[in-house]
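What follows is subunit A paired twice: with subunit B in the first complex and subunit C in the second.
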Partner chain A sequence: MAAATTPGTLGRTLRGAGLDRVLPYLMLGPAIFLVLGVVVYPLIEGLRSSTGFFRFGRMVRSVGLDNYRQAFADPAFGEALLTTARFVFLAVTIETVLGLGLALLLAREGRFVRRIRATLILPMIVTPVVVGIVFRLIYASDVGMLASVAHLFGLNSPQILSNGDSAFWGLVILDVWEWTPLLFLILLAGIQSLPVEPFEAARVDGAGAWRTFVDHTLPLLRPTILVAVTLRAIEALTTFDQVYVLTRGGPGTSTQLISIYGYQTFFQFQQVGYAAAMLFIVALVVILASGFAVGLMRSRGR
Partner chain B sequence: MTRDRLNRFAWGVGALTALLFAVTPLVWMLLTSVKSNREITQETSLIPQSLTTANYVSLFSGREFSAYLTNSVIVTALSVAIALALGTMAAYVLARFRLPFGVHRYVGFALLMVRLLPPVVIIIPIFLIAQQLGLLNTQLSLIVVYATFNVTIVVWMMESFFREIPVDLEEAAMVDGDTRFTAFRRIVLPLAAPGLVATGIFTAIATYNEFLFALVLTSTPAAETMPVGAATLIGRINVDWGAMSAAGVIGALPIVLFSVVVQRHLVRGLTMGAVKG
Partner chain C sequence: MAEIQLRGIEKLFDGVRVLESLDLTVHDGEFVVLLGPSGCGKTTALRIVAGLETPTAGEVHIGGRDVTRLSPRERDVAMVFQSYALYPHMSVADNIGYPLRIRGVPAPERARAVARVAHSLEVGHLLNRKPRQLSGGQRQRIALARAIIREPAAFLMDEPLSNLDAKLRVSMRGEIRRLQQRLDATTVYVTHDQAEAMTMADRVCLISNGVIQQFAPPQELFDFPANRFVAGFVGNPPMNVLDIRLDPDRQAVVVAGAAIPLGDRYAACAAAAVEQLGIRARELTLTAPDEPTTLPGSVYVVEPLGDETYVEVLIGETRVTVRADRGWTAPLGAPVGVRIDPANACFFDPSGRTVVHRVGEGRPPPKEE
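For the complex of A and B:
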């Protein structure tokens, strides 16, 4: 600092320099403090709970890894995992195909197109609990929208939520309705940032729309698709709100996703240690998937 | 020429189908909410024959629903504000400073790991800790939990924004006599405003919509938020479809209004939040 000749500026510079030295810690501190208190500490407590046996909300003794062994021996846990995997696979696949179609359809500019886009993302903004309500109003066997439509054509009301298979598909369709917009948005951003040259070259060569899509759009878009699919799949793995409102996991266990089973194990059956262990296993799966996603994003230079 | 027209026709059909698919379920909820219960259960008409506000009146006849609304607004506003304040500061440090022993790198990585952790994994310990501290069923517990999750999103989103702002600008301000913090406040923050807006929108929507933590941590209208209120209401009434649809409309209304207000920044906020957050 060349200007530090008069005592006044020198003092200010010194004070400034002193403060500047601790400044990064002062600015970083509060955020780290929050995360340590609200995530890291509970995480450690949770690990401890997952090795404990609880009575009336208190850990009475340690049982080592018994809770984890119980999880792998529990057919309901395995079934919930399987249901979740089926749900995620079906929902995310359909969402990706529809989202990609929509993104291709609406990857152009104009006020009208912007309006359409803004309307299409409504489902992903609406509160998930409300989405659950919306689909109960659609599926309700006596008064729902589908029942009313069927009535109009003189058909019997479809019994969607009282049958295991159709309830499961009802949940998949709910998820598709709610989250296709997310895939659409991410893929749209991807399409809009594609280089122009290959497409101009293809047009000069007289390639048709389908060939251009298969030869250029799809390969260039592959990284974005992978990221979008992974991100959506990770979130779908812990779907809870909509199931809680729509079916609570029923009928039977047909829509019992892993988070619903964990919640019920904790709140209804009061098996605190077992529920904690179960959720840790789920977290492990999700973290592995996330690590995969982060790797993908890094490799794209984001 | 005809091929062109055919293309445009196909485009219109596609766009219209998508719009109908997205909007019809919401419209059906809205229509149900203004039908009388007799019409809902007996006539199964698609379009309401006579409009009624009875469902909304009965919804707000108890105090609960206005309480849910207030709780949601308070909890969302405070937790987003806290997260933006603390998160931007932390993100700035991570974007600009090289701390001894590579602390900044570890912190950045740790915050990212926290962000990737599915929240459901700490729901049980959070409940037990809140119980021990006597914080169950308080707005405070929700504000603290949401602020923390939001902070990790803010750091993750804002860090890249700060990196894109040239360092020269702050250095010039500091040569002119600003302290580093003043330079951050006066020069960097205004330049990062678009990022702040996008981040704020994403976190506000996610916070208002959050259900699991609110369900576990709160149990009466003293602290219950709108999603919990709506879910418990429909758990209680079960077949009162009019009230259920009105609750759905009221539950969704604040967030839909909010997104209309911020419409210009919405798509950007959601896309960035999804990819980055």
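For the complex of A and C:
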């Protein structure tokens, strides 16, 4: 047969049918190995650590679920969770509203608009640590940018990072500055892929700009908004670099996000098992929350 | 309902002229079809009436009011889109009732209106569905229902039937026409399908390259085309066009070597130096090949339609379509004669304009500008 010259058939004739069954797995092998090594092994190792007691970085004995019990009894853990939730909620809400507004403003085509869009994306491509340093310089009460501006108007230097509330809001503003562009980009893509005709029909039917937004833009954009918010929220939960550089969780515990608390428990207090347990709890919360969001998208999105 | 007037409408897209000084009046209660090949500017004209596009020059008047600079919502028109443009996230009932909701009609009254309109379009059982659960024909009806629920000054329809299958298209044609007459609604309807235009319109406005070619009742378009383009666009099959030569000695035109005497119409033809004649398939007769004063040809293809037969005949280099009786048949290439009754022919001058119309009943030929 002429087909015998194609490689597949050749392989079959030469090495028998057994290879056909194994070949797919051989091909997937490297990828599976990589996932096992980079994702699954650390996960299992982390889970094992979370049930252990450590001394000098070595697990000396297993303590079962003691670390988890400790977490639920630890007020600092609860507080860190609450601070994280507050931070995520405020930052993501503000970013979504701002991002949506900007996307609506800049959805039309034009050279000027294209240039603004390109500029708006810049904050997102700055390394998080650098963003933290920049904002530290802005907020600094002695040589900071805000301080200089205040001096210019004869005012006292604002003490942003030395006050709990203002430090927290300073962190939220940093996050908004850095991540509004992501929401903007996703929502812009969503708006630009909306069908044109229903909006023209709405115009002819007599809907004004606000009615069109409430009746058509928001409902049609909802799946996109949900995706964007979920993505950003999951990521905001793990915010670390900027806080570490800006405040290290202080003053007091006012900006102590769960990632910072976990880091300190692990590296500074050397409580490896406890830190692992706490972060597993957080991971569980994230998985549940995103599962819920995906379910919401599935049911409402169609 | 109201009269619609377009005065000297001109539209440029990025410097490309799409419409050129368009003047058009749609009378109160009239059904006007804008007909033309794709890209001729007919949809743009409709969108200008709707207010979805702004003309580069000219004015739009609806019901005696200058609405050129007004937004669509201030024009009080309803539009049916080619893609139906239903609101995908709303139920059928909400879709139909939306124009009333915008106008602040209270919910109970709105529900009654929706039920009434849905009933008249036979979509009452679909009210709780979402648009994506409907077939194309059902979506079309919902779009119509949404348009008629608030008695607007005019209906604008942009190829509303072109996404339906052929059979449904024909039946919806009749329904839309009935609906329009029942509501006595001023309607502008855009299509590229000449059969739709012929069957539905009070008057047809045939547009090509942004210019009106002819604006007349369908029958007049069919019988007295203003130029070669109209002759070729309207009617199925389109009008046959044959090259001719004038013969002053015999007061006749010569087609493919055969002289056809014109009598008293010769003078007008000669004055305009006509170059072509146009004649419909039904005005031609097939004869035996060697009959006198017939055009000699050969059978190119025979197309039996059941009730009648269209025969394409090759005369010289030109193919003409001749209507023959049912059951007429001949082998391909068989020699035949084609008899022309010159009274039913019209004549085009070198620019393609009709200078001499057919003799015949009906309206006098449209006056020349």
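In this text, the second predicted complex is superposed on the first by the 265 of 302 C-alpha atoms of A that agree within 3 Å, B and C clash if a C-alpha of one lies under 4 Å from a C-alpha of the other, contacts with A are read in each partner's own complex, and residues count from 1 in each chain.
Criterion: contacts are C-beta pairs under 8 Å (C-beta built on N, C-alpha and C of every residue); 3 or more make two chains touch, one makes a residue touch a chain.
A quick note: this is a predicted structure, and the numbers were derived from the prediction, not measured.
In the superposition on chain A, contact is made by A:A202 with subunit C only, not with subunit B. Set side by side, subunit B and subunit C differ in how many residues of subunit A they touch, and the one touching more is B. In the superposition on chain A, contact of A:A103 is made with neither subunit B nor subunit C.
Looking at the shared chain after the overlay, A:F266 reaches subunit B, while subunit C stays out of its contact range.
By the document's definition of touching, of the two partners only subunit C reaches A:P219; subunit B does not. Legend: residue contacts after superposition of the two complexes on their common chain; A:R211 is shown touching subunit C, with no touch to subunit B. In the overlay built on the shared chain, the residue A:D20 is in contact with subunit B alone; subunit C does not reach it. Against subunit A, in their complex, subunit B makes its touches with residues 11, 14-15, 18-19, 21-26, 28-29, 32, 40-41, 44-46, 86-87, 89-90, 92-94, 97, 99, 104, 107, 110-114, 116-126, 128-129, 131, 144-145, 147-148, 151-152, 155, 177, 179-181, 205, 208-209, 211-212, 215-216, 226-228, 230-231, 234, 241, 244-245, 247-248, 251-252, 255-256, 259, 263, 266-267, 270-271, 274-276. By the touch criterion given at the top, residues 50-52, 71-73, 77-79, 81, 83-89, 98-99, 102-103, 146, 156 of subunit C touch subunit A in their complex.
Looking at the complex, you find that subunit A touches subunit B at residues 9, 12, 16, 19-20, 23-25, 27-28, 30-32, 34-35, 37-43, 45-46, 49, 57, 101-102, 105-106, 116-130, 132-138, 140, 142-143, 145, 147-149, 151-152, 177, 181-182, 185-186, 188-189, 227, 231, 234, 237-238, 240-241, 244-245, 259, 262-263, 266-267, 272, 275-276, 279-280, 282-283, 286-287, 290-291, 293-294, 297, 302. Residues 195, 197-198, 200-208, 211, 215-216, 219-220 of subunit A are the ones touching subunit C in the complex.
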